[in-house]
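The following blocks contain the structures, represented as C-alpha cells.
Across the two complexes that follow, chain A remains constant while its partner is chain B and subsequently chain C.
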Partner chain A sequence: MSALGQALAIAKKDLRIEVRGRHVAGTILPFAGTLLIAFGLSLGPGRSLLRQTAPGLLWLAVLFASVLAFRQAYQAEGEDGAFESLILAPIDKASVFLGKAAAVVVELLALEAVVVGLVVVLFDLPVGHAPVVLAGAFVLGTIGLAVVGSLFGALAEMPRTREAIFPLLVLPLCTPVLVAGVKATELATTGPAGQAGSWLGLLLAFDVVVTGVGSPLFVYLVED
Partner chain B sequence: MASLTDPDALLDEHKPDAGRTGAAPAVQLRAITRVFGVAPALVRVDLRVEAGEVLLLRGPNGAGKSTLLGVIATAISPTYGSGTVFGLDLVAGRDEIRRRSELVGHRTRLYEDLSATENLRFVCALHGADERRVDPALERVGLAPVAGDRVRGYSQGMRQRVALARAFLRSPDLLLLDEPYAGLDDPAKDLVDEEIRATRARGGTVIVATHDPTRGSAATRSLYMDGGRLLPELRRAAR
Partner chain C sequence: MSTAERLMSSLTARRGERVLAWLAVGAVGVSAVLSLVASPPDAEQGGLIRLMYVHVPAAWVAYLAFAVVFVASVAYLRTRKTRWDRVAAASAEVGVLFTALTIVLGSIWAKPVWGTWWTWDPRLTTTAILLVIYVGYLAVRRLPDNPARRARWAAVVGIVGFVDVPIVHLSVRWWRSLHQAPARLIGVPDVSGSMGVALGVGFIAFTLVYLYFMALRLRVGRLEERVVAEALSPRIGQPAEALMEEPARG
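For the complex of A and B:
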C-alpha cells in the first residue's frame, strides 16, 4: 500500500472512531458554543462591537476547540497502547502524521460550519459578502491547525511527556493561523474581500512549511 | 531472488534466514543496555536465539523481560549495545524487522470504539495482509459471535483474544509474546500454545515472557532474567 493509501486508512479509522464516539458533537461543539456566548456576554450588548470582534472571537473559539480535537485524536491511540501498533507497523510514519491531520481537518471543518452559523446568529456577522474567500480562509487555516496538532499530539501521548505541554506548544505555533485567519475573515465579511489574497497566501505558506517540516520531525519524534 | 512466477520460491524466500549462508541467528544481541532516566532496565544483555527456537523468559516483575522484547521488536531503542534480528540491524533494518515480527504485549493495542473486525481490518490495511483472514482468525479465538461489537464492551480476556487473532493474521517469522497467558481462560491459553507450536512448525521463532509456571511446554530453551540481566539458562528438549 502506498503512503497515501496508508494515510487514508488512518484517516478513515480516525473518522470512524469519531462518528462512533461523537466527541466533536458531544464535547467540542458545546465547548466552542459556550466560549462564544461567554465572549459575547463579556463584551456587552453593543451590536457593532460584537460584529467588529466576531472574526477574532470565531477564530479563538476554533483554535481552542481544535486543541481538544487534537487531544481526542491521540487519546484514542493511547487508550490501550494502539499508537505502538502504528509505530511498529511497516509503514511510512509520515503517513500517520498526514492521516491523523486529514481526519482532524474533516472534523474541524464540520465543527466550523456550525460555529460560523452560531456567530452569524449571535454576533450578526455577514458571511454572504465573499463566501469563497471565507471558505478559503477556513480551509487553509484548518489545515495549518490540524498539521500542528497532529505533530504535537503524538508528543503528548509519549511516555514521560506531560499532557499540559500540548497547548503550550500548539497555541504559540498557531499564532500565524490565528492572525491571518482573523484578517482574512474580517476582509471576507465586512471589508474589501479583494485584499484578502495576501492573508490567504500567508495561510497557504504556513500550511506548506509546517507540513514540509512537520513530516520528518514527526518521524524523528516517534522513532527516536 | 525468488522467481515471481514460482509461489513456493517466494514462500521460501520469506522464511527466516532464507537465502543467507552461515545461518544468521533469528536474534543476536550484544551488550544491550537500556536506561530509563537513571534506572537501567537492561544491563549488557547478550542473547542469541536461533531460527526455529522457542525461548521462554522467566523472571520477577521489573526484571526487564518486557523491555528486552520491546528492544527486539524495535519498539524500544537500546541506550548502548547493538543487535540484529534475522541479520538485520535493530536500527537500520527496523522496517524489515517489523514486517517480519509481531509483538503481543501487556496492552492489547486495540481501538475501543472499533469492533474486533474493524480493528483487525485496520491491521491488515497497515501490514498489507489479506482481509479475508480476519473472519477465520476471529473464529479461531472464539469471538466470531461478537466480532461486530465495539471492543469497549469486551472483557480483558476477550481483548487478549483479539490481540492473539492479530498474530494469527500475519503469520510472523518472529513472534514475541509478553505475558500472553495473563487474563486468559484455559482454552485461550491452549490457543496461545497452539500458535507457538504452529509458528515453530513453519520455521518461525518465538520468545515468550511469562510468569505462569504451568505454561511453556513448547519451549526449547528457557532463560531467567533479574535486575535487567540474563542468568544462566536451562536447556530442555521440546515436548
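For the complex of A and C:
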C-alpha cells in the first residue's frame, strides 16, 4: 500500500466513524450555530453592522468548530488504546498525520457549507457574487486548519495533557488562516472579488508550509 | 563536543557566569549613561526618544531568543542530547520575558507619541501573537510527563512556531494595509551619530543580559536534572552521573 493509499484508508476510517457516530453533525454543528446566534445577539440587530462583521464571525465559528473537531478525531483514538495500535501499525507516520487531516477537511467543509448558509440567513451576507473565490478560500483555509490541528491534536490527546493546551497552540498559529480567510470572504461577498487572489495565495502558502514542516515532525510527537 | 557545546558549557561554568554578569552590568550602565545623558533629544519626540534605546534592543533579544529556541529544537531532535533541550527551554523563557518587555515598553512609548497604548500595526500585532505562541510553548514544557517526551513535543512546537512567524507577519501586514490608512505615525527617527552609538551599545548590553540569563537558567536546568537523577539513582541502582550523561531517549 502506498503512502497515499494508507492516508486515504485512515481518512476513510475516520469518516466512517463520523458517519456512524455523527459527532460533527450532532454536536459541533449545533455549537457553531449557537456561536453565530450569540455573536448576533452581542452585536445587536443593526443590519449593516452584522453584514460587515459577518465574514469575521463566520471564520471565528469555523475556527472554534475545528478545535472541537480535532478533539473528537483524536479522542476516538484514545479509547481502547486504538491510537497505540495505529502508531504501531507498519505504516508511514506521515500517512496517519495526513489521513487524519484529510478526514477533518471533509468534515469541516460539510460543516462550513451549513454555517455559510446560516450566515446568509442570519446576517444577510450575499454569497452569490464570486462563489469560486469563496469556495477557494474555504477549501484552502480548511486545509491549513486541519493540518495544524492534526499535528497538535496528537499532542493534546496524549495522557495527562491539559485540555486548554490545544486551542492555546492552534489558535495563534492559525492567525494567517483567520486573517486571510476573513479578507478573502469579505472580498468574495461584498468587495471586488478580483483582489482576493493574494489572500488565496497566502492561504495556499500557509498550507504548503505547515504540511511540509508538519509531515516530518509528526513522527516525533507520537514516537512512544 | 562541538564548538557550540564547548562555548555553552564554558558560559555556564560559575566563573563564566560571574564574568558575564559583570560585563552585562557594565554594558547596561554605559548604555544608560549614553541613552539618558549623552545622546541628544529627538527633534520631534524630545526625551521620549530615549525609550528607543531599551525598546528596540529588547525586541532584538526576543527575536534572537526564539531563533535560538528554533536552532536548539532542531538540534535536539537530531542529536537527542538533553543539553539542547535545556538551551531551548532557557531561551524560550528569556524570550517570553523580553517579548513582554518589548510590548510594555512599546506601549509606554506609543501613548505619548501616537496618543494610544496600542495600535494594530503589523509589527505590534505580530509581536503579540509571538508572545502567545511561546506562552503556549512554555505550557507544553510544563506538562507533567516524562522528560524525553516533553522535550520532543516542545521541540516540535518550537520549530513550527518559529516557521509560522513570518507568515503571521505577512498576513497581518497585508491585513493592515488594506484597511484605512493608519493614523499618522511618526516615522522612524533619524538615528545617527551619538544616537547610533547609544543604540548600538543598547544592543550589546541587552545581548549580554540575554547571555547572562541563559547561563543562569541553564545552570538551574542542569541542577533540576541532577535532583531528578539523584532521586532516581538508588531505585535504578546506577550512580546519578550515569543517569545524567545518558542522552534521554523516548
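Keep in mind that, in the parts below, the second predicted complex is superposed on the first by the 222 of 224 C-alpha atoms of A that agree within 3 Å, B and C clash if a C-alpha of one lies under 4 Å from a C-alpha of the other, contacts with A are read in each partner's own complex, and residues count from 1 in each chain.
In this text, contacts are C-beta pairs under 8 Å (C-beta built on N, C-alpha and C of every residue); 3 or more make two chains touch, one makes a residue touch a chain.
Keep in mind that this is a model prediction, so the values were computed, not measured.
Peer 1: Look at A:I17 in the shared chain and tell me whether it touches chain B only, chain C only, both, or neither; answer first, second, both or neither.
Peer 2: In the superposition, A:I17 contacts chain B only.
Peer 1: Which partner does A:V121 reach: the first (chain B), the second (chain C), both, or neither?
Peer 2: The answer is neither, since A:V121 touches no partner chain.
Peer 1: For A:P90, is the partner it touches chain B (first), chain C (second), both, or none of the two (neither)?
Peer 2: A:P90 contacts chain B only, not chain C.
Peer 1: Check whether A:Q6 is in contact with chain B, with chain C, with both or with neither, and answer first, second, both or neither.
Peer 2: The first partner, chain B, only.
Peer 1: Hey, is it chain B or chain C that touches more of chain A?
Peer 2: When the residues of chain A touched by each partner are counted, C comes out ahead.
Peer 1: Quick check on the superposed pair: does A:G214 touch chain B, chain C, both, or neither? Answer first, second, both or neither.
Peer 2: A:G214 sits against chain C, while chain B stays out of touch.
Peer 1: Give one of first, second, both or neither to describe whether A:F206 is in contact with chain B, with chain C, with both, or with none.
Peer 2: second
Peer 1: On the A-aligned overlay, A:A113 touches which partner chain: chain B = first, chain C = second, or both, or neither?
Peer 2: neither
Peer 1: So, A:A82: does it touch chain B (first), chain C (second), both, or neither?
Peer 2: After superposition on chain A, A:A82 lies in contact with chain B alone.
Peer 1: Report, in rising order, the residues of chain A that make contact with chain B in one complex and with chain C in the other.
Peer 2: Correct list for chain A: 160, 223-224.
Peer 1: Chain C touches which residues of chain A in the complex?
Peer 2: Per the touch definition, chain A meets chain C at residues 148, 151-152, 155, 158-162, 164-165, 168-169, 171-173, 175-176, 179-180, 183, 198-199, 202, 205-206, 209-210, 213-214, 217, 220-221, 223-224.
Peer 1: Inside the complex, what are the residues of chain A that reach chain B?
Peer 2: So the residues of chain A in touch with chain B come to 1, 5-6, 9, 13, 16-17, 20-21, 76, 79-82, 84-91, 160, 223-224.
Peer 1: List the residues on chain B that touch chain A in their complex, please.
Peer 2: Going by the criterion above, the answer is residues 37, 73-75, 77, 94-96, 98-99, 103, 105-114, 118, 122-123, 125-128, 150, 159.
Peer 1: Using the touch definition up top, name the residues of chain C that touch chain A in the complex.
Peer 2: Per the touch definition, chain C meets chain A at residues 77, 129, 132-133, 135-136, 139-140, 143-145, 149, 152-153, 155-157, 159-161, 163-164, 167-168, 170-172, 174-175, 178, 250.
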